[in-house]
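First subunit A sits with subunit B, and in the next complex the same chain sits with subunit C.
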Partner chain A sequence: MNRVGIIGHGITPFSKDDQKIETVLLNSAKKLFKSNPEINRKDVDAVLVSTNNNSKYLSPVLSEMAGIQPNTSHTIESLCNSGTNSIVSAYSYIASGLADMVLVSGAERYDSPGQILEWDNSRGEYKHPIFWASIFAKSYKRKYGISDEQLAVVSVKNHKQAKKNPNALSNKTYSIEDVLNSKKLTDDLRLLDCSRPCTGSASIILGSEEKVNKLSEDPVWITGIGQKTISAGFVKNISFSSMESTKLAGQAALKMADKSIENIDVAEVHDAFSVCEPMALESLGFSKDGQGMHMLKELHETNNFKINPRGGLIGTGHPLGATGIAQTIEITQQLQSNAGNRQTKNPQAGLVHNMSAAATSSTVLILEK
Partner chain B sequence: MSFESRLSKGEFCIPECGKCKKIVWPPSEVCSHCFGNVHLKESDFEGKIIEFSRQNDQYFCMVEFENTVRIMAKISVTPEIGKSVKILKCGINNGNYFFQVI
Partner chain C sequence: MNRVGIIGHGITPFSKDDQKIETVLLNSAKKLFKSNPEINRKDVDAVLVSTNNNSKYLSPVLSEMAGIQPNTSHTIESLCNSGTNSIVSAYSYIASGLADMVLVSGAERYDSPGQILEWDNSRGEYKHPIFWASIFAKSYKRKYGISDEQLAVVSVKNHKQAKKNPNALSNKTYSIEDVLNSKKLTDDLRLLDCSRPCTGSASIILGSEEKVNKLSEDPVWITGIGQKTISAGFVKNISFSSMESTKLAGQAALKMADKSIENIDVAEVHDAFSVCEPMALESLGFSKDGQGMHMLKELHETNNFKINPRGGLIGTGHPLGATGIAQTIEITQQLQSNAGNRQTKNPQAGLVHNMSAAATSSTVLILEK
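This part shows the complex of A and B:
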């Protein structure tokens, strides 16, 4: 397999703006090409669009608007982890030799149809994600004796970190009391425990080793990929206090990269809701089962941005199709020591965890300098 | 008659493969294990509450039947993990399934 790396990236602020999806999509691609003028658009072999939007033919539309005539162009949809699924597809095109350079652009509007999986009728009338998140939270709290107050640290930490991210939806910090006193959605979930749908776009361009060495001064390589789909339906989850698909995807990604979790210096994990962050850390092996909140509390108290430096989904917002790409851009910037005032200390290897529909499906990427 | 047709009449059945006898959930006309044809088992099924929460004053819970079929359902009393329940009401409303247990 050919080696695959990251050549450049572009991202928009995440907002509640009412813009056409085509405009949103183009905005991050435009930023990418403007900040990487050495990339010749004629050399882009494939354009992949990551979105849950119902508009059709978005990849050829983006290609035309960006002045690209790629060999391959199509959309990839997999709910909340569409972004990393698209990156894996781009990786595969390059690793196989079918393409040398691939543009991956993800975009979503605040009113994305991807927030609810209509097919999953086992959820009855409880199809909105707040209901699976409430079941996860109740189950996790009961199993490990965790309180709402302890879980609120996730939201406090991620809003604090998002404040240092100029593209984040949130620009406010909150206390534990603020989180606990925010609107109660269910017995086990408050408004500030939730990531919010928003409008935003992120683009990344991947290339073969030759292209990366030619076009990037500070190469970052994708060295590990792991993916696992357990089911589509929420109720098929084996456990409601851990993430089986994440566990398997994480193991596969680390094995491919020949790394152990102790080698990972910085990570973006899919905190769609507060409880998802400790569950993800435990499933990925960053901490023992039930110990995720101890690790997060310590990171928060020591102002260590190792986990979700850009503010996670809770602080940054969650434009579904753009999220996995935005997470990957953050880890790339961290590895390039280019993350401004949210920079972690000299990271050598980073991890991206992106999941869909109550962790029924997960993708994990390992990135290295 | 399909699972949905029966559900729309307020009847809760459990889909089972006629060939390999495995329960097929979510409901489908074809078995996900052997692709055999699925038929519907009828009974006054008893399930167990495996998790729950509450929105406003309304409890909702996840109920498991026959160690396989799991649904999210309304319940009017305070739920307890492991408690046995039965379907009180079910149906399809605006294309969405709904279940209530007692």
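This part shows the complex of A and C:
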């Protein structure tokens, strides 16, 4: 299999802007080409767009606006997990030899139709994601004896880290009390436990070994890929206090990269809601079951940005189609020691975890210098 | 690169049914598994859904309903060209080694939102595809001195061929006069010059060389792939009487397969409107420029089903996301001498041509026994 790496990237601030999806998409692609002038647009073999937006033919539209005439062009959707699905597709195009360079651009508007899965009637009329997240939170807290106060650390930590991220939606710091006093949305979740929908875009360009070595001064390689789909409906989950698809995707990605979880120095995990962060850490093997909050508390108290350095979905905002790409850009920057004052200490290997719809499907990527 | 072939397929009749997209999708996947009982659903590594429907997360939904837990699952959209884009993605997943077996399911409802590209303002308020097709028809007829009567052969031929296709939307035969007397929709196109939106689904399962040799008694291989995106907007087309993206995609596909157009025994080409068929034949090199109608007339008069044996989009109907997959199934059946009374004489190599939005993008596949 051909080696696949990252050549360049571009990202917009995450906001509540009311722009057309085509404009949002173009913004991060323009940034990418501006900060990577060595990339010849004629050499872009494929353009993959990641979004839940209902507008059609967005890849040829983006290509026309960006001055690209790719061979392959299409949109990829899998709810919150669209971005890393697109990166995996780009990887397969390059590894198969069908393409040498692939642009992956993700974008979403704050009013994305991907926020609710209409098909899933498993929680009756309670279709908004906060209801599955509440079931997760109640189940997780009960099983491991975690209090609301303990769980609030996730939000406090991620908002703190987001303050160091110039593209984050939030730039406020919050205390445990602020989280506990924020609007109670369900029995188990408050406003500050939730990531917020927003408008944003992120673009990344992947290449074959030859292209990466030619065009990147500081190559980062995708060495591990794991994906798993358990179901689409929430109640098909085996457990409400762990993420089965994440566990399987994580194991597959580590195996492909020939790494163990102890080798991972920095990670982006999918904290759509606060409870998802300790659950993901446990399912990925970063900590034992029920110990995720202990790990996160220690990281927070020692100001260690190892988990979700850019501020997670809670601090950065969650423009669905852009999220997986933004996570991958963050790990790339971390590995390149280019993450400003979010920088973790000399990481050699990083992990991206992206999931959809109560972790009914997950993608895990391993990136290395 | 690993060899990639076709293991099995399933297709539904194309109709005006008012079913949910999830049901439509499942119907052809069920048929596929029913007629290929040797396929173990546990071995399906990826499920790619091709559609323009706005429902989200359709690949995990289909997977859950069909009893599959794939690794990779997402939806692919590129208007009319979604189906072959999905097949090319499946190819890349297998050729790269990320997957050994990939299910590609395409479906559309008669009221698909992919029928109009809202973004393209290049024809002012005239956004319906019939307006670009009319400009093509006027330009093509003027350049090559083709009459409405001559062009009507496309519709007569394709309806005749569709009568031999039990899944086709149309089962009527029409004369040249019927076409000329059908409702005039624009200066240059009548009702019977147009393919009709409909509800339908088509599924195909691709595999690695090992899987194909194990599971198929009569293997068909994808030996050539070509894709090209020129633009998204109609007026960016270089010519209104030929298809530039089709020309480039066709050349690339033939080169990859190490074939010339003379080696192609049977072909599905994208006749969204009658004028598209001779234009596609010329751009693919089946005939010289301006000679496409002469070739089609001769085929029609000799009852040779070489071009669009299943009846084309005009005779079969055009459920956008399913079309490219249905075309590929037809060529597979032709190569397997399994096309009933549509069968062409002992074909060894076939071609699939699919395109979107006035041929601003095209995909060409070469299939061989």
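As a convention for this text, the second predicted complex is superposed on the first by the 369 of 369 C-alpha atoms of A that agree within 3 Å, B and C clash if a C-alpha of one lies under 4 Å from a C-alpha of the other, contacts with A are read in each partner's own complex, and residues count from 1 in each chain.
Criterion: contacts are C-beta pairs under 8 Å (C-beta built on N, C-alpha and C of every residue); 3 or more make two chains touch, one makes a residue touch a chain.
No experiment lies behind these values; they were computed from the predicted model shown.
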Inset, instruction - Classify the contacts of A:G290 with the two partner chains as first (subunit B alone), second (subunit C alone), both, or neither. - result: neither
Legend entry - Which of subunit B and subunit C A:G233 touches, first, second, both or neither: both
Inset, instruction - May I ask you to decide whether A:K56 touches subunit B, subunit C, both, or neither, giving the answer as first, second, both or neither? - result: second
Legend entry - Between subunit B and subunit C, more extensive residue contact with subunit A: C
Inset, instruction - Kindly classify A:K138 by the partners it touches after superposition: subunit B alone (first), subunit C alone (second), both, or neither? - result: first
Inset, instruction - Considering only the touch criterion stated at the top, classify A:P13 as touching first (subunit B), second (subunit C), both, or neither. - result: neither
Legend entry - Residues on subunit A lying within both footprints (that of subunit B and that of subunit C): 118, 233, 236
Inset, instruction - Using the touch definition up top, name the residues of subunit B that touch subunit A in the complex. - result: 25-27, 51-55, 60, 62, 70-74, 93, 95-99
Inset, instruction - Quick one: which bits of subunit C touch subunit A in the complex? Just the residue numbers, please. - result: 1-2, 22, 47, 52, 54-57, 59-61, 63-64, 69-79, 81-82, 85, 88-89, 91-98, 113-114, 117-119, 225-233, 236, 249, 252, 356-357, 360-361
Inset, instruction - Using the touch definition up top, name the residues of subunit A that touch subunit B in the complex. - result: 118, 120-127, 131, 134-135, 137-139, 185-189, 233, 235-236, 240
